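Dropping the structures in below, format is structure tokens.
What follows is a pair of complexes built around chain A, which joins chain B in one and chain C in the other.
Our next item is the complex of A and B:
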């Protein structure tokens, strides 16, 4: 029995059991969700060990062979995404117990939370373009509901704005799929890749790639299309902000872009330099623009939202550099930013839970009263800024190395220079909320489960930073190789099919 | 609670059974004729919507209906995933059509597909009715 379909069926089943359980007991719902998300974490670790032996695990849904049926293609990059998703989902779930307590209809929260998990897991392991769209919509629609979960005016407005922008992206993706299907007569990613390999990149495929890049840029909130994110992510409940900023936009926007550009269209820096320069340009624009905007923010979570847009730029630069170091750096950055930003949004949740406000001017003196939260924030911030030995440093290091190896010395200098912006806006929170003495000094500590969730992420961050060599050899390196395989992806999918059948 | 006029109520009483039966027919013949779980589910949801529009309702009734329909919705979804998962547990392949296919064009044929259609029918019928209730009785449901 293969475990591959379990990644999305377990959260899916849980999502539909929760409404039944919710009628019996509220605390039972939380217990079940936590157990399930921990089980997913264990399964994800097991999945990583599986990809050490075989570079590509192909799972045929309902035993239909690849071009006809839907396949799940599980390689090292998918394994890494699944692992990161499960870590953030687990900590977010743990954090939710006390944070969600003041909302009504708590089981609805956990149902949506599990649906969003199922959608993200599905995107990360599917090998079929339309299947990817369906999972993307499952995740996206759940996220619209979760952003509006508080049903206040601000949250509903943010959710509506997010929904309009998100659906423009989603429908462009659907249109691209339809056009691609009309031309290639297949929806299987590997089969599409074979067709493109046979025909070469003509203007039609470039148009499709442009549409897909537009759709995924909206989902990933790259700068010209980022306007929904600074509204939507702060409006959501903190564990959901942590999930959305930490991993959601990376699965929906970055993973899909990387997979399609590298493995399906088989582009490399050598055969499509302009396209890769476009990715770098989008990345630089995101870092600079959103970083500068973040400096002006007066709202804790909104500042972090702009910071996310800015940090996504680094990942895009890494993929735009396109050599091994660049891609490995980008993959590393996905992990580092998920842990770091996930943690920062959790600290914002703890602060909002106790202080009741998100405005930086009103928050002061929390460094003494909420010391665990303050130190968690410091670790997360230092990792994002890129201080060794935290994991963010190695991610940035590899991107800079990649830029130098690719002969883009100017890019390396700009990328390092722009991380001053990260330092500046995160210091603003540190200074206003945790360092400054103020009237909030008498607040109680964050609730126990919240502190556990934050400390767990800090420990994971320290472990990944200190054990970066192991991580590089077993998880990040293989993931980068999986992307740089290019057209070989299709051969692996069809090759294992020939062996199994 | 008032509902519509006597004419509407009488006509509703007459047609409601036929519509329900037609919905069941569409679901059960999903693997033989056009239609299937989704289309049949929509028709069945239509029965309940029609009953509500003709007869009106009370706050208590709407609350009760919303609970029942949400239970049915979950059960339908669980049945569907359960059938798929049964394939994984029994044969090791997710969504495998593990029941013998039978003779084509007979009612009892096509393995798990009629069962999946029934599950989808329950899910869609209850789901659409829940959406109707959420729009109609939104202020009561939001109080929970």
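Our next item is the complex of A and C:
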């Protein structure tokens, strides 16, 4: 029996069992969700070991062979995404016990939380375009509800704004699927890839690619389309902000873009230099614009929201460089930013839980009273800035190496130069909240479960940083190779079957 | 071909409504228009002139059949559209409770 469908069926089933358990006991719901998300983490680790042996594991839904039925295609890049999703979901779930204690209807929170997990897992492993749309909408609709979970005026407003932008993206994706189906008469990603390989890239396929890039740029919050993110991510409860900023936008925006550009349309820097330069341009614009706007922010979580937009730019640059080092750096950055930004949003949750405000000016003095939170923040921030031996350093290093190898020395210099912005806006939080002495010094420590969740992420970050060579050999490197395989993706999906019809 | 262009035109009308209208409910209607246009496009892609419904029996095997896949996709897309529209309207109503207005130019507490 294949374990591949378990990644999204387990959270999906849990999501609908939770309402029944919610009638019995509040803490039972949390226990079940935590156990399930930990089980997903173990399964994800097992999935990584599976991809070491076979480069592509294909699961047929209902045993229909590929072009007819829906397939799940699980390769090293999917394995990495599933692993990162499960880490962030687990820590967020652990963190949320005390954080959401003051909300009513807590089981609804966990139901939506599991649905969003199922949606993201599904996107990461599916091999079918329409299936991808369905999972994308499952994840997106749950995220709209989670952003509005507090039902305060600001949260509802942020949620509506997010929903308008997100749905324009989602429906453009659906329109692109319709047009692509009209031309290729198939929805299977591998089969579409074969058709494109047969016909070559003509203007019709470029138009489809443009629509897809537009849709995914909205989901990934790249700069011209980023306006919803700094409202929506801070409005959500902190564990959800951590999930949304940490991994949600990367699965819905970055993973899908990378998969479609590299494996389905089979583009490389050699055959489509303009398109790859466009990706680099979008990345640079995001880093610079959002980084500068982040400097002006006075709200803890809003600053982190802008920081997310800015960091996504680095990932896009990595994919835009398009050689092995660039792509490996981008994949590494997905991991590094998920851990780092997930951790930073969790610290914001701990601060808001104890201090009750997010205004940077009013939060002085927390460094003494909440030392675990302060040190977690410092580790997360240093990783994002790129200080060795933390994981963020290696991610940036590979992107810079990739830029130099591709002959884009100017890009390497600009990318390093712009990380000063990261340093500047994160120092603003450090100075205002944790370094400065102030009246918040008498607060209690963050609750025990919150500290455990933050320390767990710090440990994971240190381990991934120190063991980066192992990580590179077994997880990140194979993931980059999986993307750079290009059209071979289709052969691998079909190759695992004898086509007998 | 013309009919496909009309679908895209309907899509753009919906987009126009979303971008220019200031009433939350009208924005939701804009989304409904977009959803209709995409579903219509799907149904038209599967259409074959003079073809039969895709129920394959031994008698009709020589006939052309309508492509059934877009019909299945439209069913799924309609359900998803129902979900998004319901969530959107629910949040619009909650916004009305908080702000006492549907006018987006007056709903702007978030900034920066």
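Definition applied: the second predicted complex is superposed on the first by the 498 of 501 C-alpha atoms of A that agree within 3 Å, B and C clash if a C-alpha of one lies under 4 Å from a C-alpha of the other, contacts with A are read in each partner's own complex, and residues count from 1 in each chain.
We adopt the following convention: a residue touches a chain if its C-beta (ideal position, glycine included) is under 8 Å from a C-beta of that chain, and two chains touch if they have at least 3 such contacts.
As the structure is a computational prediction, the values presented were derived from the model and not from experiment.
**Q** Clash or fit: chain B and chain C on chain A?
**A** On the shared chain A, the partners fit.
**Q** More chain A residues touched by chain B or by chain C?
**A** With both complexes superposed on chain A, more residues of chain A are touched by C.
**Q** Just chain B (first), just chain C (second), both, or neither: which does A:148 touch?
**A** second
**Q** Answer with first, second, both or neither: which of chain B and chain C does A:62 touch in the superposed model?
**A** Once the two structures are laid over each other on A, A:62 reaches chain B alone.
**Q** What is the C-alpha-centre angle with chain A at the apex and chain B, chain C at the ends, nearest 10 degrees?
**A** Vertex chain A, arms to chain B and chain C: 40 degrees.
**Q** Can A:414 be said to touch chain B (first), chain C (second), both, or neither?
**A** A:414 contacts neither chain B nor chain C.
**Q** Touch check for A:17: first (chain B), second (chain C), both, or neither?
**A** A:17 contacts chain B only, not chain C.
**Q** Counting only touches as set out at the top, which of chain B and chain C does A:443 meet: first, second, both, neither?
**A** In the superposition, A:443 touches no partner, neither chain B nor chain C.
**Q** Have a look at where A:455 lands relative to chain B and chain C in the superposition and call it first, second, both or neither.
**A** In the superposed model, A:455 contacts neither chain B nor chain C.
**Q** Between chain B (first) and chain C (second), which does A:157 come into contact with in this model arrangement: first, second, both, or neither?
**A** second
**Q** Touching A:39 in the superposition: chain B (first), chain C (second), both, neither?
**A** A:39 contacts neither chain B nor chain C.
**Q** Once the two structures sit on chain A together, report how near the CA atoms of chain B get to those of chain C, whole Å.
**A** Shortest inter-chain C-alpha distance (chain B to chain C): 8 Å.
**Q** What part of chain A is shared between its chain B contacts and its chain C contacts?
**A** On chain A, the residues that contact chain B in one structure and chain C in the other are 151.
**Q** Can you list the chain A residues touching chain C in their complex?
**A** Interface residues on chain A, with respect to chain C: 130, 134, 137, 141, 144-145, 148, 151-154, 156-161, 163-164, 167-168, 170-171, 174-175, 177-179, 181-182, 185, 187, 230-231, 296-299, 302.
**Q** Sort out for me which residues of chain B touch chain A in the complex.
**A** Touch list, chain B to chain A: 67, 70-71, 73-75, 77-78, 81-82, 84-85, 87-89, 92-97, 142, 144.
**Q** Across the complex, what residues on chain A touch chain B?
**A** 1-2, 5, 9, 12-13, 16-17, 19-20, 23, 59-63, 104-105, 151
**Q** What does chain C use to touch chain A in their complex?
**A** 4, 11, 15, 18, 24, 27, 31, 34-35, 38, 41-42, 45, 67, 69-70, 73, 76-77, 80, 83-84, 87-88, 91-92, 94-95, 98-99, 107-110, 112
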